[in-house]
Amino acid sequence: MASRIDVSIEHKHAPPDAGASKKHPNTCPKCNSHYREDELAANLRVCAQCGYHYPVGALERIEQLLDPGSFIEEAADLRSADPLSFFDLRSYKERIAEAELKTGLGDAMLMGQGKIEGNNCQLTVMDFSFMAGSMGSVVGEKFARACERAIERDVPLVSVNASGGARMQEGILSLMQVPKTVCAVENMRDAHIPFISVLTHPTTAGLLASFATLGDVTIAEPGTLMCFTGPRVVQQTVREDLPEDFGRAESNYRFGHLDAIVQRRELKSTLAKLLRLFDHGR
Amino acid sequence: MAGELELRLRDRLAKLKQLHLPGAGVSDEVRRIEHQLAEVDTGDERSEDEIWRSVEFARHPDRPYTLDYVERLVADWIELHGDRARMDDPAIVSGLGSFAGRTVAVIGHQKGRGDAVQRVKRNFGMSNPEGYRKAMRVMEIADRHGFPVITLVDTPGAYPGVAAEQHGQGGALAASQAAMARLKVPTVACVIGEGGSGGAIAFALANRVLMQQFAIYSVISPEGCASILWRDAGQARKAAAAFRPDAVHCLELGVIDSIIPEPEGGAHTNFDEAAKLLGQSIRAALGELGKMNGEELRRDRRNRFRSHGVIAS
Amino acid sequence: MAGELELRLRDRLAKLKQLHLPGAGVSDEVRRIEHQLAEVDTGDERSEDEIWRSVEFARHPDRPYTLDYVERLVADWIELHGDRARMDDPAIVSGLGSFAGRTVAVIGHQKGRGDAVQRVKRNFGMSNPEGYRKAMRVMEIADRHGFPVITLVDTPGAYPGVAAEQHGQGGALAASQAAMARLKVPTVACVIGEGGSGGAIAFALANRVLMQQFAIYSVISPEGCASILWRDAGQARKAAAAFRPDAVHCLELGVIDSIIPEPEGGAHTNFDEAAKLLGQSIRAALGELGKMNGEELRRDRRNRFRSHGVIAS
Amino acid sequence: MASRIDVSIEHKHAPPDAGASKKHPNTCPKCNSHYREDELAANLRVCAQCGYHYPVGALERIEQLLDPGSFIEEAADLRSADPLSFFDLRSYKERIAEAELKTGLGDAMLMGQGKIEGNNCQLTVMDFSFMAGSMGSVVGEKFARACERAIERDVPLVSVNASGGARMQEGILSLMQVPKTVCAVENMRDAHIPFISVLTHPTTAGLLASFATLGDVTIAEPGTLMCFTGPRVVQQTVREDLPEDFGRAESNYRFGHLDAIVQRRELKSTLAKLLRLFDHGR
């Protein structure tokens, strides 16, 4: 059993262009253009020079997508427990506390209801900056509740995803969020509730193996890394160079896994169009 | 360890009996915990050594694999091949046969035994997306004709290859679970070796999830966890002791419904006995499920997974 | 030719009104033939030249293709891509949009227009199995959400390539029809150019099958038929005159429900007018189907095809 | 439109080893062994030397598979009409009459009920020697009726196929047999009637695009050519050498299109096993 192949569902490091750089966060990692914070925010955090899509936090994403003032957050009080009393180099409790401080969020997902160009929907938005957007019990529970609310209210669910995978500090319970959220989607499906999944950089591992790929319509922002196993682990396994856009939205689109790649500036209008279409069939 | 586990289970049970979590299927959970309490045997908190023994046994090259159990438990076996699109994935076997007098579908990961050639041929039990698509095809046949579905889980994980990614590994794992969530027939999943993360869960969304005594079930391999969190794959034993992939821990968390005993010294020491014990447990589980109709089975299954997770709020 | 066709239709109608073929959906057939009689315009038996003109118009490089009609008839169009397994077949387009105030799914073959590069890019409208699998995915979404499905048929046939065969071309064509047979939403198929054999029929198992005036619909290309039966592909005109792939003949045999008129000189002379006429016919067909529930739509569709064929016994 | 690619669903000539040879029909085209008629029949028309599976006519196939005396033919009186008054080098009527004389069959399919090792089933068996097993109105009608009988009697359908494709002398009506038989299978499916499809050399074109690939279980005899487009036409299109077993059962099995390749000597027991299994689930 000496040389086992590692098949973790978690890719091992933050993906290359989401924080690994030592540059100022407002400097474009692709073309080095630099922007003032207000400039960048006004341009939806897209590089005006080269089109690079910077990461967007959950709160800012909600501002970008929802009609002003329409968002009503739900299940905001949910917090992670520490069922395994998990301790590696530091304790899980400490990591959580740090993430809360850094992001101002209770966990890696915001959930609630809102309107997009006047169309009601249930919404989940993930934030990669909270422990790499990892899915533990809180993310799983919020997503499951979002599905239940969508059914109760008879409105579509829009899910904006960004995640490195399962939150391994919750051990097997983090894996259980995968089937739990799949079941939640299946309940929506039986109730004929539309589900639109939006993949943003990066959406990988446990997220791809659960609800993120189960949308009626699945779209991604340009450049989104969306792979089950991360490029580093795949390369380690196959021991050869990977295609340049391996695992990216552009490659996934060619291989038939995406309905569309949508520029961030078109995301709101695209979602509104989809919500209108799904509404007019009912 | 039963002292500790028993206390936790009783504690959880007491809490659940007071609580009303929305949609959490509390009464099912209560029933399951009562069942677990009856099953727990006595002992102490598992040591690092004991947990690592499970890892070693679960990966033991002589451990019985899916087809070893099929051979011993299923009559009139006919394997069904191919995803009807691109390939027949040898890392997954699926088929129909007669179990305890009734036709069932069996789907499982399959490792190769013996030399490197055989093991590579089965890709070490690591499936490509096409393997999950084959399995979904067989599930659909079973559903339409009313055959219970038995899955045998034994994989280090889904295959981390280039083509696997290009052909939609993540989506296939999700789709396989969705297919299982949809079935109107009784389903029983058994972790018989390595229950490795996404590759395992793709076959484990069942009404009852059983686990052999020395099997493991985890979100990540000990080596993978160690190399991420300790930045040193050599710390695998320590990682395993931290996230505890052994059967007792999984039972403690309510992730599995019961532990299937193995022969003294592990399943690899006596295939026939291991198969007999596995067969008895599956039969018992199917017996319990026999009373439910299709809609109830679906609901039972989804409620089962709805309750997983621990939240502090 | 209406004299001849009208006589045959009246004859067939009279026979059907006496007959009780098992499972043949006679009353539907009667209704359809009465409808056809109302639609037939006057004229004589089609000459070899007239039939060949249909072949030429149907294949005309300037003829409007699926996306030309979508652009003119469908608002809020969003194309849905990919089979979720291997590729996005450019020879088939599928998507959602708003037609006559209601959300519909549109699925069609797509030829490339203009230079060789564009035509090759769309593979001349000849799909691989993956294209049909993409279409089935969109059909399933439409079915679940109650969107009528409109298919636009325009293909020389399914692509006769090595990978197409290896990836299950035949099975994909069958599966696509099976998926259409299963839908609980109204479905309308329109042959808008070449209705080439298996590639065409995969999208034509609909409640109503319409055909543009100069489209063709056939089991084999004239060239293919000539080379098999006359052992000379040069006899294509003669072959076409023998099996008559033109719309009037298809109507005469009850294979289509009505003929959609084209602008004077063919659809390629006036895209807007052709689209308007196509849109009117689809709208009328959907209107008729609007009264049926899901089960009735399924039954209607299957009975429609049950009645095809002529038997001497 | 000069160089059109031909995409006929009918492959153009009888496949290489089904009659093209000028050898005596009892001489093995693979190894040249020669057998007396009774020898060959006793060995189920399988070459004892090399395992080559000779073609089997419909009547002999029924003898091989069904319990003696159990077959009751149905819809035996159906005959082709000539809706197009089709005439190529000869008239369709003449071709039909010749096929009837040559084979003693009314068309390319026999249909009825019978038992396999005591298990009741509905059965369709095709005969390639009747106009290359082509599917016209009669084959379509017999198959549709077989599905209806299977539903009425609540027994599985076993279909043994051998066909070059659609019968183009019936024009578009031959194409209509494709969706017609698909609908018939869908009705069986809704009624939860098991359907086992057996592919024998050759099963191509219209048959593959209709019921032959829609079985709950799909098996083939060794060497069966099972392609939608014939090798000759594919080669003409791609202009390169095809893989040696292109379109054969062995290739299709590797590519995931067959549940099993079953030797003729095992076919009866395999079908019996499947019928038992499908029966015990009910």
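A, B, C and D label the chains in the order they appear, each numbered from 1.
Throughout what follows, a contact is a pair of C-beta atoms (placed from the backbone, for glycine too) under 8 Å apart; a residue touches a chain by one contact, two chains touch by 3 or more.
Here the structure is a predicted model, which is why all the values come from computation and not from measurement.
**Q** Give the touching-connected groups of chains that are left after subunit C is excluded, with no other chain moved.
**A** one piece
**Q** With chain centres defined as mean CA positions, report which chain is farthest from subunit C.
**A** The most remote chain is B.
**Q** Mind checking the centre-to-centre distance between subunit B and subunit C? Centres are C-alpha means, answer in whole Å.
**A** About 47 Å, centre to centre.
**Q** Just give me the whole-number Å value for how far the CA centre of subunit A lies from that of subunit C.
**A** 41
**Q** Using mean CA coordinates as chain centres, what's the gap between subunit A and subunit B in Å?
**A** 27
**Q** Which subunit A residues sit where two or more other chains touch them?
**A** Residues 189, 213, 255-257.
**Q** Scan subunit B for residues touching two or more other chains and write them down.
**A** 84-86, 167-168, 171, 175
**Q** So that we know how the chains sit together, what is the shape of their touch graph: line, ring, star, complete or other?
**A** Graph shape, chains as nodes and touching pairs as edges: none of the named types, so other.
**Q** For this structure, give each pair of chains that are touching.
**A** A-B, A-C, B-C, B-D, C-D
**Q** How about subunit A: which of its residues touch subunit C in the complex?
**A** Going through subunit A, the ones touching subunit C are 189, 192, 194, 213, 216-217, 253-260, 270, 273-274, 276-278, 280-282.
**Q** Considering the complex alone, what residue numbers of subunit C touch subunit B?
**A** 84-86, 129, 133, 167-168, 171, 175
**Q** Flag every residue of subunit C that touches subunit D in the complex, lowest number first.
**A** Those residues of subunit C that touch subunit D are 22-23, 56, 59, 61, 124, 126, 156-162, 164-171, 173-175, 177-178, 181-182, 196-199, 201-202, 204-205, 217-221, 223-225, 227-230, 233, 239, 242-245, 249-250, 253, 255, 301-302, 305-306, 308-313.
**Q** Where on subunit C does subunit A make contact in their complex?
**A** 76, 78-88, 96-98, 101-103, 130, 134, 141, 144-147
**Q** Looking at the complex, which residues from subunit D come into contact with subunit C?
**A** Against subunit C, the touching part of subunit D is residues 1, 4-10, 12, 77-81, 83-84, 86-89, 136-138, 140-141, 144-145, 148, 166, 168, 170-180, 182-187, 189, 204-214, 226-229, 233-234, 237-238, 242-243, 246-247, 251, 255-257.
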